[in-house]
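In the part that follows, the structures are each spelled out as structure tokens.
In the two assemblies presented below, subunit A is common to both, partnered first by subunit B and then by subunit C.
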Partner chain A sequence: MSALAVVVAMALSALLIATTGGSPLDSLNAIIQGSVGSPAAWTTTLLNATPLLVVAAGACISSRSGIFNIGQEGQVLIGAMAATAVSLRLALVGPALLVLGMFAAAVAGGVWASLSAVMHRLRGVNIVVSTLLMTFVAQQLISYAVNTPWLLQATRIGSTAPPPESNQIPVGAQLGSIGHYPQLQLNLGLFLALVLTVVVAVAMARTRWGFELKMMGLNPLTAQHAGVRVSRLGAVALGLSGAFAGIAGAVLIASPVGNFRLQPGVSSNFGWDGLLVALVARNRPIVAVPFAVLFGILRSGGNFVAATGVPSFLVDVVKGLLVLAFVAPPALADMLQRRAATAKAARSASTRSADLEGVAA
Partner chain B sequence: MSVAGDVSTILASGVRLTGPLAFAACGEYIAERAGTMNISVEAMMLGGAFASVATASATGSATIGLVVGAAVGFAVAVLHGTLAHRAEINTFVVGLVLNSLVLGLTSYLIAVSRFDSHQVSLVSIPLLRDIPMVGRALFVERWPVYLLLVLVPLTWWLVERSRWGLELRAVGENPRAADVTGIRVNVRRRQALMWCGLLGGFGGAYLAVGEVGSFNQNMTAGRGYIVIAAVIFGAWRLGRTMLGCVLFGLADAMRLALPALGVTLNGQFLIAVPYVLALLAMLVFATQYREPKALGQPFERGSS
Partner chain C sequence: MDPAGGAASALQLLGITKSYGSVVACDAVDLAINKGEIHGLLGENGAGKSTLMKILLGLVHRDAGSIVYGGKPVEINTPQVAAALGLGMVHQHFSLIEPLRVWENVILGDVGRIDRLAACRQVEEVGLRYGLPINPMARVEQLSAGERQRVELIKCLRRDPAVLILDEPTSVLTQAESAELFSVLRRVVQEENRAVILISHKLAEITAATDRVTVLSKGRVVFQSATGDTTATELARQMVGREVSLRAEAAALGVLPVEQYRVELASAEQVESASPDRPAALRLRELEVDVGGVAVVKRLSLDVRAGEIVGLYGVEGNGQSTLGDVLSGLVQPTSGSIELGGVPVELNRPGALQRAGLGIVPEDRHRCGVVLDMSVAENLSLKALGDIGGRHLLSRRKMHAVARRLVAEFNIVAPSLDAPVRSVSGGNQQRLVVARELSANPTVLVAAQPTRGLDVAAIEDMYLRLREAASSGVAVLLISTELEEVMELCSRVAVISSGRITGVLSIVEATAERLGMLVGGMAA
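Presenting the complex of A and B:
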């Protein structure tokens, strides 16, 4: 059923292109060429997939515990800001700067998400709502930081006002890569993302902590009775998902995707999309890997679609339809099953009452 | 420019920026009272804005554009209701996907289309428009704004005084009890969501063919989220929600007016105002907060 839904999603996308005067085949070709058609294209695809995977791994943790964090976009930005600040302000060299930047980003993203946990704990504020609203606050905070000279705005050169962005971070704070452009180049961020994903997967599947997390997600009350400290575990899960989003922000800044500098749009929907990756992977970190690559393909391919005369926004439509195609069929199958069960129960109830009437007669 | 002139300009622009928020907030208010935390209001507004401009361009009538804009918002609501209630996909997931899908679709379509500019007509009320400072701001407006004078009391009456509204609130507060008394919980919630779709679509359409006269990529730019903030800031009461809309509209107007006034305050603070105020409102008034108790929780008969 999922395969059918994907076919339908692709057919709808093709229809959209055809009715607006483009060629679906040319567009498909452009996406493929631009994302997996050459080693250079693969390089871009994997660079885009990396932050998505980190965000998704974190989202798996919180969603597994039943706590729904939708503020990753903001947490990515806060992480990116922390990493930039550390990279530009601290007089360290080489790997120390990189590691410290990553660490600062994790802490900042985690703290930002934990604010929602604190608001929930103290005043019962809905976590979904607060993480959502905090995203927009974060966006303005970053915008303020890169528009303010004494914060992170680029240094003035000559008399022209500097653009609303930070200086480029030093080479030592950037993530290096294996291989040489334009041949296949694997950024170190990708390895970091994969390691984090495996760690999350193992922790969730093989540890007591992971079991408690799952138990809490299935039924917090039962978990509480079984001795799980639910509110603490939930806060930890939320903080961890924020920390992962923060690391994704640091990876963005330290890799070519983010141009090595803080800009207001640097998160570029990586937070929202990473959350969607976790959703279609149904909160299984390992399954998120292929989906992150798929989303990466759409991102890198999108730049090439424009050359065929079709707006690059096409990939956003395809992305939306694909997510629906992956999420809707299992839910619809469940719905049909529920309906069948209800009908069956109703049938057996009516035969039972018919039997009783027979006895009475 | 004189101080009175400045105030008048900011007021006028504030009223214009409040309009789209107020329409959509009436809808979001109804949806949330029924227990649906509807974040796809952004998709409803954006879809309505695009559809209104496309229709106005095709038919030459901005009024038909408004109607079709509301219809597109309605369609988004039907889709949301089907996925969230019938297929029982998490309502926030549905909202996120719809927001991203509608943003992609409208961005795509506006890039391949050319539309003529159409705007609904201005209505200027004699005598009242001559009141100093506020006259021009309040009484020389595009006609749909005056619909709010009917819509807001109507919404209040519907929710607080009609039987439908009573059932609606019951569904938002205690769906299980409502179900036992024979109210069809998810049907009521879908109806509320459809109202929200109509009004959200209309709000977006009003922004496009009312205030601006054209559509640009990501035109609503998060106004749907400001509407959500307004309902939260208003503590799920209609009057305070409208106050929130006016406040947020004025904050936006201030931001736009700052450069002309020669004030060097950072606009970022004013953009963040709605979200910060909504968060503060939830924190400060938490103890007497009248949030619908089942807000955002799906209802499935037979589950506990």
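Presenting the complex of A and C:
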């Protein structure tokens, strides 16, 4: 069923590309060439997959506890801002700066998400809504920061006004590559993402904390009865998912994807897509790994599609179709079956009511 | 249309088979339901009753067999088909949405415009017609189990089903409510020529209310008879495959005259004299609980000493559920205290009651007793995670070892230890909760309606366990709406009415009349 849905999604995408005047085959070729066709392409793909995976791992935590944080996009931005601030302002040697930047990003993202928990606690504000709205606040905040000279705006050179972005962070605060393969660079961030994912997977499957998290997500009353502080655990889960998004923001800034500087659009939907990765992986961190790579492929390959004369936003449509293909089949199967059955019942019911009238008379 | 003389069959099940892995839930079941009859369906926990009915309702898909309805073979793949055919079912477990109001729950699943007034009127009409009074504007979360059951019934009855399936409808009703329901059913069946399938573990109900009866055992039909030609004892034997003491069961089901064993008890065991001067193991002191601004429990004080079983008896909806929630750690009392072994429990700390040695079998196991989508093994361990691992890590191996031991000790029938609790039969879910609570070696055990949904043999077993627990020094508080159950098990009975205790009687003083007066809120 899932396979079928993916095929349908592909077919639909092909049709869409064809009707907008492009060639589906060329597009497919462009995507493949641009994402996995060469070591350099792989490099870009994995660089893109990295923040997605970090966001997804965090989203798994909050969703498992039954709390839906959908504000990762904003938390990524806040994390990116914190990492940039630390990297630019503190005069530390390389690795320490990097570690501190990551740490600051985690704290900032976590606190940002926790604000929603606080609002929920104090005023009963719905968490889904508040995390979403906080994303827009975050966007404004970043925009303000990079437009304000005494905050993070780039230093003025000569008399021209500096662009709305920060300075580049020092090389010491950037994530380097490991190993030397011709053309292929494996960024340190990827390993960080994988380690974090494994840690989350183990914590959820093997620890007492993970057990309580799962219990709370499936039946909060039983969890409370069993001695779990549900409101606290929920706040922790929300904060952690925010912290992961924050780390993703720091990874963005410290890797070539984010150009090593804070810009208003630096999060470029990594938050949203990371959330989608978790959704498609049904909150299983390890399963999120291949899906993060798949989304990375679409991102890196998508940039090449434009070259074939197809509007690049179509890549987003394809992405959407793929998500639907993975998420929709169970719901769809159910619905189709129900449809067919009701239709059949309606037919036999008309004969039956005749029977019943006979009985009643 | 005389039910006894071979009436036209409304519904026939032929060779219905369903297995879950190696478990055969239904094994070539043949069953014919006639128009104008109430058909009783009996069987041990896990015999396959609910599964069979879910197949009929299109909720579960059979492996083999066919269904003939109104003389024609039908395919029932979904509940919508079943509803269109005129099959309605009230499930063993509630399927109501708690934050919604009664009328909203009732019309849930309808299509078209929503008309609140019409819906409310309909709820009232149906309620009136079938003797199921309920306020359509009430929120379901504030209703007692008995009231929720009424909502479920109304939801089903308003569609005028030709075949009505009731899966243990009375396990949460009082006797008076049950009697009322049966007279309604009888009228419906006779006047409107419908058919009713009634699943129940209460033999007294089956013998009193049904026309024919079928006994399932391990998925097979083992016995079928006109109700008039059989007896409760015979049915119990057919069900369990051996003789059972109907006394325990009779107590839970309310078929033996009360006075009779009150005298027996008084002369036989003088339990209450066992520990008069030791401090109470459980002491409720001036408990006051508000729910949504309404005082539900009022200045409730009660002592339970080690080694005794105290009954808290009263009609459903008089504060017992809320008291149960307090003892489960779900609700904080507005004032008052709970002491275990003389030490006040800090109720605002999660799990404090449990750490202090209180075990509880909650009234509604799905709500706060189990996590349906977690496995049997996980559910057996969820209150004692410390036992299956260290401070942080959990050991799957230990968890399975604990589960294997408890499943064997408490005769829990489950497809496997890793199967979700959702797939375990209702009675076995109850055993699971009891197993978990008793295995924690509590000093105080609170059992709220513990025999709800248990079969005859399991009730016997439950009583034995409660008595054993008491005789090994556990203080047992039995919250029950069944007079006979309280009389059978307890040495003292406290009566609760409108959230307060109207009197505490020793079992020797407790007569049906005195208890009746206390239940009505009068001092006796």
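Throughout what follows, the second predicted complex is superposed on the first by the 328 of 361 C-alpha atoms of A that agree within 3 Å, B and C clash if a C-alpha of one lies under 4 Å from a C-alpha of the other, contacts with A are read in each partner's own complex, and residues count from 1 in each chain.
Convention: contacts are C-beta pairs under 8 Å (C-beta built on N, C-alpha and C of every residue); 3 or more make two chains touch, one makes a residue touch a chain.
Keep in mind that what you see is a predicted model, and the values were worked out from it rather than measured.
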item: Partner chain(s) touched by A:229 [first = subunit B, second = subunit C, both, neither]; value: second
item: Which of subunit B and subunit C A:214 touches, first, second, both or neither; value: second
item: Broader residue contact with subunit A after superposition on the shared chain, subunit B or subunit C; value: B
item: Partner chain(s) touched by A:206 [first = subunit B, second = subunit C, both, neither]; value: second
item: Touched partner set for A:311, first subunit B, second subunit C, both or neither; value: first
item: Subunit B versus subunit C as contact partner of A:132, first or second or both or neither; value: first
item: First, second, both or neither for A:18, with subunit B first and subunit C second; value: neither
item: Interface residues, subunit C side, partner subunit A - complex; value: 35, 58, 69-72, 74-75, 77-78, 80-81, 83-86, 162, 193, 328-330, 350-352, 354-355, 362, 367-374, 378, 382-383, 385, 389, 391-394
item: Subunit A-facing residues of subunit B, complex; value: 37, 39, 83, 86-90, 92-93, 96-97, 100-101, 103-105, 107-109, 111-113, 217, 222, 225, 228-229, 232, 266, 268-269, 271-272, 274-276, 278-279, 282-283, 286-287, 289, 291, 295-296
item: Interface residues, subunit A side, partner subunit B - complex; value: 16, 20-22, 68, 70, 119, 122-126, 128-130, 132-134, 136-137, 140-141, 143-144, 147-148, 269, 272, 275-276, 279, 310-311, 313-317, 319-321, 323-324, 327-328, 331-332, 334-335
item: Subunit C partner contacts - residues on subunit A that touch it in the complex; value: 206-209, 211-212, 214-215, 218-219, 221-230, 337-338, 340-342, 344-346, 348-349, 351-352, 355-356, 359-360
